[in-house]
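After this come two complexes, each holding subunit A, first together with subunit B and then together with subunit C.
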Partner chain A sequence: MDTLNKQTANIVVWALLLAMPFWIKLLGGYTELCTQVLVFALAAMALNFLLGFTGVLSFGHAAYFGLGAYGVAMTIKYLEPSTPLALLVGVLVGTAAAAVIGWLIVNLRGVYFAMVTIAFGQVFYFITFRWNNVTGGDDGLTGWARVPINLGFTTLDILHNPTMFYYFVLVVFAIAVGIMAFLLRSPFGRTLLAIRENERRARFLGIPVERHIWLSFVISCLFVSLAGGLYALLNNFVDPRALRWDMSGNFVIIAVLGGMRSFWGPLIGAAIFVVLQDYVSSMTENWMSFLGLFFVLIVLFFPRGVLGIIRRKVTS
Partner chain B sequence: MTQVLLFNVFNGLIVGAFYALMALGLSLILNLSGVINFAHGGFLAIGGYLAYTLMPYVGFWGGLLLAPILTAAIGLVVERFLIRSLYGRDPLYSLLLTFGLAYIIEDGTRYIWGAQSLPYQIPAMLSSPLSTNYFFLTGYRLFMVALVAVAVGLLFFILKYTRLGVRIRAGTLDLETVSVLGVNVRILRNLNFGLGIFLAGLAGVLAAGMLGLQPTVGSSLIMPSFVAIIVGGLGSLPGTLLGGLLIGVASGITTVFFPSATEAVMYIMMGVVLLVRPRGLLGEEGRF
Partner chain C sequence: MSLLRAENVTKKFGNLVAVDNVSMTVEPGELRAVIGPNGAGKTTFFNTISGFLTQTSGKIIFDNEDISGLLPARRVWRGITRTFQITEVFPELSVRENLRIAVEVASGYKLRIWQSADNESEVKARVVDLLEMGGLSDKADRLVGEMSHGDQRATEIMMALALKPRLLLLDEPTAGMGDQETYDTTQLIRRLHRDQKLTIVLIEHDMRVVFHLADRIMVLAEGKMLAEGTPKEIADNEAVQAAYLGKAAA
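And then the complex of A and B:
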């Protein structure tokens, strides 16, 4: 019964995602909004790999998101106008940084880990902010655009056709999510769950805990930098705000809002967050107060998130 | 060259004193309650703006005293109604809540006092340079360093010799035992939070005199405070003080040679400390 439910849920989720550009218009949305939901969902799901399934609190994931974004932007602008190559470079840059920083912090736990990730998250912010002749500084990096993909027999015009770009992002999203789901179902993923539930017991069983946490951190940052790369492609623009601390906060709140303990939770969180942001920031100038209030209310009243509440209702 | 270097070292010391004052408040709250108060920068801004508003009525000196007290009072209320319910839960939640608070405070100050930078008048007797040769030694800067020194001295005195201070220190080591011995832990945590916020308010008034007032002043000072705590060692207040001064001076010196690396240098220091001595310079072994 349980596996059947899961299968139904998966089919529903993919069907909704495949048809999103069509039904969103009925609700008054537009295609770029759908793409944004996917990008934020991928980032929050990648964070949740670490937060929800390894039990490690990172509050600095915007750094790797931003590195992915700048990697993509700078590759297209300075190196070679090729979308796949740019994504590859972005992911490599973000993952490499995560591998080094993860190695420095993997022995820390709890609050200390969170604090160090916050602090390290800012390094890259300052670098992009200060190094303005290459990164454009505070104004961001402009003067480039995503490049249509040549498949040999046909060309995907992701630049001028937003729906085409949406499906391109959906394919990347599907591959990334598929890999994460596969990893979580593998013995490696089960070990991560064991570490989350009881780190000491896992250690006594002979599991190299630090190595697993490091790997989980790097995998998580890999997919976050992929999301960052897609974010840059979506906007044809990138600025230092993509890697500032408030972006990290957004990822965490998206994961919590949807439900940290469920695989699809962050997707629901991202849909709510992105649509709400779009709506509220068109209504009022005080988006920040609203967002702050949103954080406070979620923590006080919905700490389990949407899927957490639904699951509880179903079991009781 | 020496002059420039001296100037920047001194400047770094002042900035470091700021970081230290803010980081000490953060550290107090973190050590006793396990809460990373992301809204600390917001409270700093509130302190500065309150002093600005109070100035016409109570003058500079009155503002210097009253604004931190009022900020602390706001802190006590916030702790009572928002943060108290999160003790003992995953640190994720207190972090998210104070994150949200930081947004609300920044936007709130912008709404009340406006987005543009406000000048903060300091008494003429403090703003004149003391030496023609060493032009950077203005009265206000020396005054700030002295005041921070006094505040830190008072803090350590309170922690060492008063009943409240002894209880805070004991609670940091073993809150359960302190509770069993008949201390009301709720009130203790409340007062401790207020004490931390008082320091933030004081730093806010001082910062207003040096940098002027902007809604974003808090968020620009909070990251270095985190770095100060990590470099100095989690759980150690003298360590936090040392960490703040060190990163301040280090950025001051870096400004002379590589101006673009001014911010990056403190993160490099943090990386080195984590590599060589993960518990921080004065941190205790095995506490975190």
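And then the complex of A and C:
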């Protein structure tokens, strides 16, 4: 019964995502909005690999999101106009930084871990903010754009065709999410659950807890830098706000809002976040206070997030 | 040849000497109980064996190897597993999942991201065995956090057993249990000892349990070893009686 429910949920999710550029127009949205949902969903699901499935809170994931974004932008602008190469470089840069920083902080727990991740995040923020002649500083990095992808027999014009770009992002999203789901269902994934559930027991089962948390952190940051790369491609632009601490906060909010104990929770959180941002910010500058209010209500009354509410409705 | 030798173990916390020059030798297949009044240093002594704490001085020899400086996970790999005074399980997972994780880790799959169907059915079969042994078969799919204290404790013991330990350390296995649960847990430990020939060291407050189960008993008081011997010798020991009665009189 449980697995059947999961399968149905998966089919519904993928059907909705595949058709999103069409039905979003009926709701008054536009294609770029769909792509933005995917990008933030990927970032929050990557964060949730660490937060929801390993039990470790990072408040500095924007650093790797931003490194992915700058990696993509700088590769296309300075190195080689190729979208796949740019994404590869972005992911490698973000993951390498995460591997080093993760190794330094993996012995910290709880709020100490969260604080140090913020601190390292801000280090990267200030580097991009100050290093004007390379990163463009506060103005961001302009004068580049995503490059159509040549597949040999045909060219995907992801630059001028927003729908094409949406489906390109959806394919990348599907691969990334598929890998994360696969990992979580493996024996390795279950050791992460074990650490989330009870670190002391995990240690006394013989799981090298620090090593596994480090691995989870690096995997999580790998996918968050991929999301960052896609974010840069989506905007054809990147600025230091992509790796500021409040961007990290957004990812945490999205994950918690949607439901951090469930795999698809952050996707729902991202949809709410992006749509709220779009609609409410067209009416008032202070859209964040509305999101904040919504967030507080959810956390107070539905600690399992929006997906938790839906689940309870379905089972009752 | 002895399986475990603790040699002159001392553990200090600042000026407090929690364990004072305690030695213990455990033979393979033995069930040893460690008893003593509250604050006698039993759990601290235990922690130095499992690697939860590092002793201030002295040595822990396991299977003729000095393991004094090894991290907990490495001691687990050598065959020492333990349970805790406060049950440590994975509360939001089912009993089956709890045991499955333990079995997979024990099989060396902890870094695997893929399992063959053969491996998977092996793991499942072993989990079914453990469920049966622990009397948990009919509760296999319940969340551990929602079960009774006794069943949680049984789950924890079976998780420790999933690791195929050569030495099982039980810290107050019947603490906080009612009569029926205490009886069930005692029977479970006895079965493991008799049927699996498992070497067990346990700390226990309940004297009925201790005298029912133990081959030999070590008594600690104020960090020092007071006596060691068979249950009969300990029951007749005047120093032990004084320690317990003195405590009660005060």
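Here is the rule we go by: the second predicted complex is superposed on the first by the 297 of 316 C-alpha atoms of A that agree within 3 Å, B and C clash if a C-alpha of one lies under 4 Å from a C-alpha of the other, contacts with A are read in each partner's own complex, and residues count from 1 in each chain.
Everything below uses one rule, namely that a contact is a pair of C-beta atoms (placed from the backbone, for glycine too) under 8 Å apart; a residue touches a chain by one contact, two chains touch by 3 or more.
Nothing here was measured: the structure is a model prediction, and the numbers come from that model.
Contacts of A:P208 after superposition: subunit C is touched, whereas subunit B is not reached. By the document's definition of touching, of the two partners only subunit B reaches A:G292; subunit C does not.
Once the two complexes are laid over each other on the shared chain, residue contacts for A:L57 go to subunit B alone; subunit C is not touched. Judged by the touch definition given at the top, the superposed model places A:L104 against subunit B, while subunit C stays out of reach.
By the touch criterion stated above, A:I24 is placed in contact with neither subunit B nor subunit C.
Of the two partners subunit B and subunit C, it is B that touches the larger number of subunit A residues.
Using the contact criterion defined above for the overlaid structures, shared-chain residue A:R200 touches subunit C, although it does not reach subunit B.
Residue contacts after overlaying the shared chain place A:R190 against subunit C, while subunit B stays out of touching range.
Once chain A of one complex is fitted onto chain A of the other, the partner contacts of A:V256 are limited to subunit B, with no touch recorded for subunit C.
Against subunit C, the residues of subunit A that register as touching in their complex are 182-183, 186-191, 193-194, 197-198, 200-201, 203-209, 212. Those residues of subunit A lying in contact with subunit B across their complex are 51, 57, 59, 104-105, 107-112, 114-116, 118-120, 122-123, 126-127, 130-131, 245-246, 249, 252-253, 256, 286, 288-289, 291-296, 298-300, 303.
Residues 30, 34, 36, 82, 85-86, 89-93, 95-97, 99-108, 111, 223, 226-227, 229-230, 234, 260-261, 263-264, 267, 270-271, 274-275, 278, 288 of subunit B are the ones that touch subunit A when the two sit in their complex.
Of all residues in subunit C, those touching subunit A in their complex are 50, 72-73, 76-77, 81-82, 84, 88-93, 97, 100-102, 104-106, 109-115, 156, 159, 163.
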